[in-house]
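Pasting the structures here.
In the two complexes that follow, chain A is the common piece, with chain B as its partner first and chain C second.
Up next is the complex of A and B:
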């Protein structure tokens, strides 16, 4: 095995082009587990932690570019108000030690169906920026996840950033079911983003990939009393929960049964809708 | 490969490090610092918590090569000579130790918490120590120890 330690993105892309089998390594919270347990022996490790530009973010004109190597702890501390949905999901990742090292780029690289940030990236309409010696391209989140632990990256590409729209008064919520509050891989998870008549909703750990739930999104976009601070009818919340549950395609595994996941996602959908609508009502009242 | 890093303020070198090796293995097996414990090797238990450039991390999840030219502080680096750090002394005084295996990781995590939050609430302590598992004393004495350390500082 080789250990490749580029100082710049340019060097990293050249190394990845030369050795497509090299495994990118950032916080190590997935890759090192595979090495420690002898599940993986890549030809090379490509350490990305020395590349300063991957660990930066910038915000301008209703948009954030989040470098792939910004650890969750910094995302929570520095962007908690700007990207509340992503920060909520980040707070549920692992433990303080894991959040100090783990990154959204790593979550995307692993592309686990249970990865915590995926539902938020899907619901928010994020784009994943990837680069290679051939150039840079952006992949919409909904085209990024191609199978269980598989993503749309070419062999010579690296994930460099995530682009997210931001709102002055965001209505974004994330919730997750697990057996305790820390160190939990999601049994199932749900994200909801409400934005000016537009609804983004996505499920995690309940299908081969994280995925949006288009029927449930369209229903809410049409039925929500946008621009008012009216409370929501129980019948609307219930119908939304049913449509989300209907979009699941879960399996039985050690963390939970398929039946439980489908049921729990219906519940999470109703609850997050209540919370997100409360955010929306708060901003309507603040403007009144 | 050869690894150069600073550990507890001293420049250290390790040779013949395997490229897939963890920082934890280097600390314990090559540099003679067995304070950081090796248990789960997957970041679940927190027993190997060290400071890496002053940020707490599970040493089992840091590749040795990622620590090149970095600064590592282990539990062995917290005491000032024979004088224990207040966090260490409080764990002793509060009886927050039974078998002791989880103690080094808990001490480092609690030490970091008190740098950020000098007078933490029970909830803040529970949150800060959520990545450290103890399988014998239970956590009440550990909470007592962190409060006592906060009072002593």
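Up next is the complex of A and C:
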């Protein structure tokens, strides 16, 4: 196995074009485990950790560009207020050691249905910035996940950043069920973003890919009493939960049953709606 | 005398028995500097790899190693044909092939081994070995294995042991009857240091093996039988052990590495990875248990009838002894006049099961404590009151007919737990509580919604040391001499330090008996006689007892020597802090001066009082040496809509006879309680058709610091007059009562019956 360690993005893109089978390595929290267990033996490893620009972020004009190599710990510390939903998801990733190494770019590269950040990226309407020697393009999150552990990258492309809209007073929630109170792979997860008449909602670990739940989103966008600080009716929360549950396509596996996943997502949908609406009401009151 | 550990500040001798000196390995382990068996290294060594069966039950029709042996860097590819001695081993019966010959009986059974100059080369060559199989139907249900029409997996059938216990009336009448069928899933020891060791050939046909194990001499016995060598030719030294909990009592890579080393003439190292480790050691027996408890209307037990099935998996391992424990301890720490228990341990094609902390007592406790809660409900009593009314005590006659002849403070343990303060009420829904205090933690599943509190109690009983007539002994050598102008003691035993802190205890015993501060514990190896296993909560009792006995012999010889030197009588002399003194004249001389060039060197083989085999028809007999008791109170917050559990507090009261090292005692109680918590709510090796579905720490979950609450621990010290220093084995009892206490608390919160552990979220919602 070759080990390629470029110093610049240009070199990395050239290397990836030359060796499309090279596996990019950032934190290594997924890739190294696969190598150690001989589940994967790529022709080459492409170590991206020397490329400083991948580990930077910038914010401007209601928008954050998050470099693919920013570890979760920095995301939580530096962007916890700006991207609360993504920070909530990041806090649930592995252990402190894993969060020190792991990155959103790596989560996207692995594209596991159980990846913790995917539901937030979907719900927030993120775009994935990818680059190759042919140029740069942005892929909307909802077009990124193409199958179990598959994504929309071309063989010569690398994930370089994630673009997320930001709000002055964000109403974002992420919630994840696991069978342990920390350091656990999602049995199922849910993200909800409320933004001025717009609703983003997505599920994780309950279908072959992370996915948005369009019927539930549309229902909520139409029915929420936007711009008021009115509390929500239980009937509305219940209906939202039912629509989210109806959108699941889960399986039975070692972590949980399909039936439980569907049930739990209905509960998470109701609860996160309550909390996100409380965030929204808070911002309405602050403006009044 | 009773006292809380926290209250104790002084000991008779500095850093002697009763003090809590720092462990010698503690700092190095915390800093990541401790050398574990997986860190062993030898110039020019080879790496071993093991080819394992992909099928739970199959006939081997061919093994072709030709593609593997020609891989550059490969030094040996060995199969059962290359095992020079008996191709069988086992703790109780030699029924397990070193390398499979005709039939494989579990997924993961070793079929061939490879040695190569690089671990990757060994792995690649291993995958080139072509084994052909005719798959057979696996037997995967323990009850079917006993009663059903299934294949016989071993000559003589599928019952490893059936232990009946019959006491009193066999058809008693009772006012109140409660029944239940309970299941315990397959728990793993989940030690962190994988199976590993290094075998070094001596150039004369023998081998030195450095290995992480629990019992050097029983390893040695099995290795010499398989290799066709003498014990003098196979020498074992304990390497750094990264946890054991029973899982290292059976062999893993010991024979394989030795075989490869002898065949190649080179040192061979083997280290399992985490997945292979799940195939490489035995697990806790899964259990199915049918219980009937009969009582008077006021909740006094009339009878207990039980059938217990323990799935031993493919090979016997220690199943027989586990069955003995589950049967003899099957009614728990209660006084029951009429008992009828049948316990079976079986062969199946599931992963082999054997020793794990609690050893049969854990499974039974989930059954009998669940029943005691049912009985409390049926009689309108509180869970603690029904237990108090039936609590055994010193003088109680066990279902085996054995009279309990030292403290059995079951009621007092419950009283002490009930007197402990309860934690503050759970946070209200929609509050701003720290997520880490709520079910689900930072996964943000609740802000208090759906959270219901529950409280549960349980008590457990465990036999300490080896039982049923086993010749249980330990050997210790103690040598006292002056070294560099200071009196110094060296202690040699073959007792495996597996992280429990025995080396510290042995130093403390020497300081107490000889008043010598400088105590060196020599490496543990087979150049001295057996110490028995580091299991059954027995090493402080047994090797502690042996070291104390050897130290007393040294002291006797020393005092005779001193009497001559000081022109005194032996009777008037005593040792006091490195001095020789007499009652009348005080300090007479420094020990080091009296010693001069003399040295005192004593070796003792020490036994506990004998036990008896159980009558095979009635299960009667004085089978156990000592009983240990612990009780837990669990408080849980359950998110009843999601089925997520947060254990809020897990308090424990345990009688330890005498706390030789109070800090180590508390550590054992914390660790054992955590292991019981794991079994209650998350730990299970899931199998399907004999195949493990979760052989990783990604999916075999053990508690984290956010799952394990702080504990209030009340340590009673009711000395056992039969035991060294009055001690009572500590390691296992807290594992036993922790699980049923937590499940009782979850039942209290949810109203669910919860007949199986671990409790999973979908059992609750």
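One rule holds for everything that comes next: the second predicted complex is superposed on the first by the 288 of 288 C-alpha atoms of A that agree within 3 Å, B and C clash if a C-alpha of one lies under 4 Å from a C-alpha of the other, contacts with A are read in each partner's own complex, and residues count from 1 in each chain.
Simple rule for what comes next: a residue touches a chain if its C-beta (ideal position, glycine included) is under 8 Å from a C-beta of that chain, and two chains touch if they have at least 3 such contacts.
Please read all numbers here as calculations on a predicted model, not as lab measurements.
Asks: Looking at the overlay, what does A:228 touch: chain B (first), chain C (second), both, or neither?
Replies: In the superposed model, A:228 contacts neither chain B nor chain C.
Asks: In the overlaid three-chain picture, which partner chain does A:271 touch, first (chain B) or second (chain C), both, or neither?
Replies: second
Asks: Based on the superposed arrangement, let me know which partner A:101 touches: chain B (first), chain C (second), both, or neither?
Replies: First partner only, chain B.
Asks: Please indicate which partner A:256 is in contact with in the superposed arrangement: first for chain B, second for chain C, both, or neither.
Replies: Second partner only.
Asks: Using the superposition on chain A described above, determine whether A:187 touches chain B (first), chain C (second), both, or neither.
Replies: Second partner only.
Asks: Scan A:3 for contacts with chain B and chain C and give back first, second, both or neither.
Replies: In the superposition, A:3 touches chain B alone.
Asks: Is A:58 in contact with chain B, with chain C, with both, or with neither (first, second, both, neither)?
Replies: It touches nothing on chain B or chain C.
Asks: Touching A:32 in the superposition: chain B (first), chain C (second), both, neither?
Replies: Touch status of A:32: first partner only.
Asks: Using the touch definition from the top, say if A:177 reaches chain B (first), chain C (second), both or neither.
Replies: After superposition on chain A, A:177 lies in contact with chain C alone.
Asks: For chain A, which residues belong to both interfaces, chain B and chain C?
Replies: The answer is residues 36-37, 181-183 of chain A.
Asks: Which bits of chain A are touching chain C when the two form their complex?
Replies: By the definition above, chain A touches chain C via 36-38, 88, 91-92, 173-185, 187, 254-257, 259-260, 263-264, 267-268, 271, 274-275, 278.
Asks: Mind listing the chain B positions that touch chain A in their complex?
Replies: 1, 18-20, 22, 41-44, 46, 49, 55-58, 60-63, 65-66, 68, 109, 112, 127-128, 130-132
Asks: Across the complex, what residues on chain C touch chain A?
Replies: Of all residues in chain C, those touching chain A are 123, 273, 275, 430, 436, 439-447, 449-450, 641-644, 646, 681-682, 686, 693-694, 698-699, 701, 703-707, 760-762, 765.
Asks: For chain A, which residues are in contact with chain B within the complex?
Replies: 1-3, 5, 25, 27-29, 32-33, 35-37, 41, 44-45, 47, 49, 73, 94-98, 100-101, 181-183
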